[in-house]
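Take a look at the structures listed below.
What follows is a pair of complexes built around chain A, which joins chain B in one and chain C in the other.
This part shows the complex of A and B:
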């Protein structure tokens, strides 16, 4: 039922949705580009939120899984002249899923911080492969000149039409992840986050649940990787290493883990901070950014999104 | 046929032999208390029975199946339920979600990903029935951390009951409860179906004598006596090492 109260309660979401749909044609290419990047990294951060915020796995390789798909797309297009999106995208996602299957199998022998260390090391394997396998990956220069996706029918690509493609795909991914979280599977991975031993004694094969969650995280990280390489037109090893895996951690810590929305909000905050601080101090923005991060950890425990949601719940209460 | 048969079970942590050749069996519908002084190995025995720690020797048969090396979840599927001495709950999700997880644990749809959990009416109905039984249905939206300790303790037992186990293992079910709350707990356990086999570790003698048909006494990892509560009460060996000679039952 769509009552007036409910409409009011969901008003912020509706305003944001309208903004995301209606605003880009009137904005410049820089801002639309920034927004595209926010959404892509929002999706990548959502995969970490799914894996860590919901399932409680301390993954530090989301950037690598993202990179596997991005590199697969780039290699297919640049080295093998396969341009059709219908071939490159499924192959890239499949590669991310396979790598996630492998990484998960190795890393799930341990838990908590050990899991973080192992996934970090495995992620570095992807980074080193990208860096050293020069004939295929282009070494430290990476791969460049990646065009917009080729759907097999003519589309007048521009930064705006690509933005809408990213928006649609990310909305679909968000809805899928949201659906999974509200399902029996989704509740059981939250049970694992809260208390794994009890879950085992309620009849759940917790290893399998964690493994599947990690692979789902890898799948959507792969989607983000594909969207990113077509957006950025290039990919380099530094973009698939610690920097990206760490960036998504910043995003969910600032935005709020365990909410999905927090990942999107965090991504927007991080990208806007980077963008505007670097206008003022092009060289020293990491210092200011780091300070903001420290302040967020000290004073915004649990992230910004849960606070905003509680605030709005109070305001919108009849 | 016995619901649980244990043969020669041994467990040790480093040089410490926590269980030494423990053998016993439980018949269907029996209510058996496990007593023993601190450090006797009661919790270790329950952990080995439910599969959390594999034994170093011996066999466990659950309902005729050998389960010695099966994982806890497989044993739960065979009809085992377990509660813990220290509350082991899902603290940051709602009470209803806690019970839903417990009810769903042995159902085939627990891996279902694309259907909302709210759509499983039968599972909701079971969860509601369980929560109404202990009078906590009104608090279903509360997080566990917002419940009183006694209520958390009830939820602890409730989660073990949710899968409708044939064999229920309870570790110190009345731990930390007031006498009124213990009486309520005894009522809940007495109202379980007759065919449920109960094996519970306890320090509280009133609870043991109120619930148990039979008592097993564990002392330094060995079963030193078993029998009816009356026999155990008068067993000189038990009185000496457990109740103490000239104790309150003398």
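This part shows the complex of A and C:
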């Protein structure tokens, strides 16, 4: 029911949506590029939010799953001359899902702390493979010269048209994740996050539920990877390792775990932070990043999005 | 046969360096239930500081001491400012150590620059002794000897002193230990400081084995240390030593005979151990 109260309550979301849809044609390439990156990493952060914020798994390998899809796309295009998006994209997502199946199987055998270590390890494994398998992965230089997606029919690609493609795909992914979270499955994985033993006592197969949610996380991470390599035209080993996995942790901590919007907000904050800090001291960015990470964990643990949401709720309903 | 013997000796000297960093990591893991991801950078700081002091004063021992103490101080700062304030929030504690990796790595880059620094080998330890018709560097022998001495000392501390007993009790059941009237907070702080110092010592003395110190050493070596702790089991000196010897020797022989697979051999061992015996060889609990 479209009441005035409801409209007011959802106003910020509507404003942001309008901004994302209507502004880009008038914005410069730098801003549109930044927005594209924010949305792609927002999607990747959403996968971590799904796996950790909703299911409680301490996954440190989202960057690796993201990288598997990106590299698969790049390898298919560069080394095997397969350029059709209808082939590269499903293959890449399939690879991410397969790797997630493998990693999840190994990692879920142990408790939370070891799960973190194993996902960390497996992520490093992907990084090492990308670095060492030079004939296929391009070694430390990675793969470059990746064009915009080839759908089979001619499209005049530009940073704007690609931005809209990214936006559409990410909105679809967001809606899918949202549906999953609201479904009985989604509720049960949140139950696992809260108290796994109780869920087991209630008869749920918690291992299978965790495994499936980890794979779902891997699937969408793969989607983000595909979007990224077409955006960046290249992929390198450093982008698929612990750095990216850690980056999405930072994003959901600052943005807010357990709320898909927090991932998007966190991504925007981090991207803007990185952009402006790099203007002043590009070499010292890691120190700033590390310090912000530490401060966020200590003082901003719930994330900014829940605080903003509560603030707006109070403001909009006097 | 000579090549095997030298390979073994090189593996053991590498293992000693790994032991020195794994010991501290294993202690915090067992005692606090967290993985101190910044431990590798603490090790690296020990290396950098010892190098600078040794070059300035032309005194290897002074450099060693300086590196050890500096690493201990860094570890102490990390513990006091962040970890102690996040009592029992394990994920958060691990995350802050991750943040510190960035801070410390970039700080060392800022101070010491991007170029790798070669190790400082004092007169006394330079040169080589011969095993058969191959040469074995004296400083590696020194590393093995000092590593074993320190391992022995730490083991004695763990098994034969009251402090060690308290630490072990804290690892097994912190609540019960507290219930017996033992205040674990200072124990944890001391263990953290001590573990960081040992890592610093390892960083200072291990540079000739590692070929020098560079900005990514902290991150690279952390990874190996984690595998050592997984394989050997966390929470005990024997675990750190056992895991270090296994990984050190396997890694060295892997590099000698299968250079392409060098990195993967360690991962594979870790994954096998995790699947078969998650506790590790000498681990206390999963």
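In this text, the second predicted complex is superposed on the first by the 317 of 318 C-alpha atoms of A that agree within 3 Å, B and C clash if a C-alpha of one lies under 4 Å from a C-alpha of the other, contacts with A are read in each partner's own complex, and residues count from 1 in each chain.
FYI, a residue touches a chain if its C-beta (ideal position, glycine included) is under 8 Å from a C-beta of that chain, and two chains touch if they have at least 3 such contacts.
All values derive from a computational prediction rather than experimental measurement.
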Chain A as common anchor, with chain B and chain C clashing or fitting: fit
In the superposition, chain B vs chain C on chain A residues touched: C
Contacts of A:185 with chain B and chain C, given as first, second, both or neither: first
Contacts of A:116 with chain B and chain C, given as first, second, both or neither: second
Touched partner set for A:203, first chain B, second chain C, both or neither: first
Chain B versus chain C as contact partner of A:195, first or second or both or neither: first
Computed vertex angle (chain A) for partners chain B and chain C, CA, steps of 10°: 80
Minimum C-alpha spacing, chains overlaid - chain B and chain C, in Å: 14
Shared chain A contacts, counted only where both chain B and chain C touch the same residue: none
Contact footprint of chain C on chain A as seen in their complex: 58, 106, 109-114, 116-118, 120-121, 124-125, 128, 132, 242, 246, 249, 253, 283-287, 289-294, 297-298, 301
Chain C to chain A touching residues, read off their complex: 33-35, 82, 85-86, 90-92, 94-96, 98-107, 109-110, 219, 223, 226-227, 230, 260, 263-264, 267, 270-271, 274-275, 278, 286
Residue ranges of chain B in contact with chain A within the complex: 50-52, 71-73, 76-77, 81-82, 84, 88-93, 97, 100-102, 104-106, 109-118, 120, 159-160, 162-163
Of chain A, residues touching chain B in the complex: 179-180, 182-188, 190-191, 194-195, 197-206, 209, 212
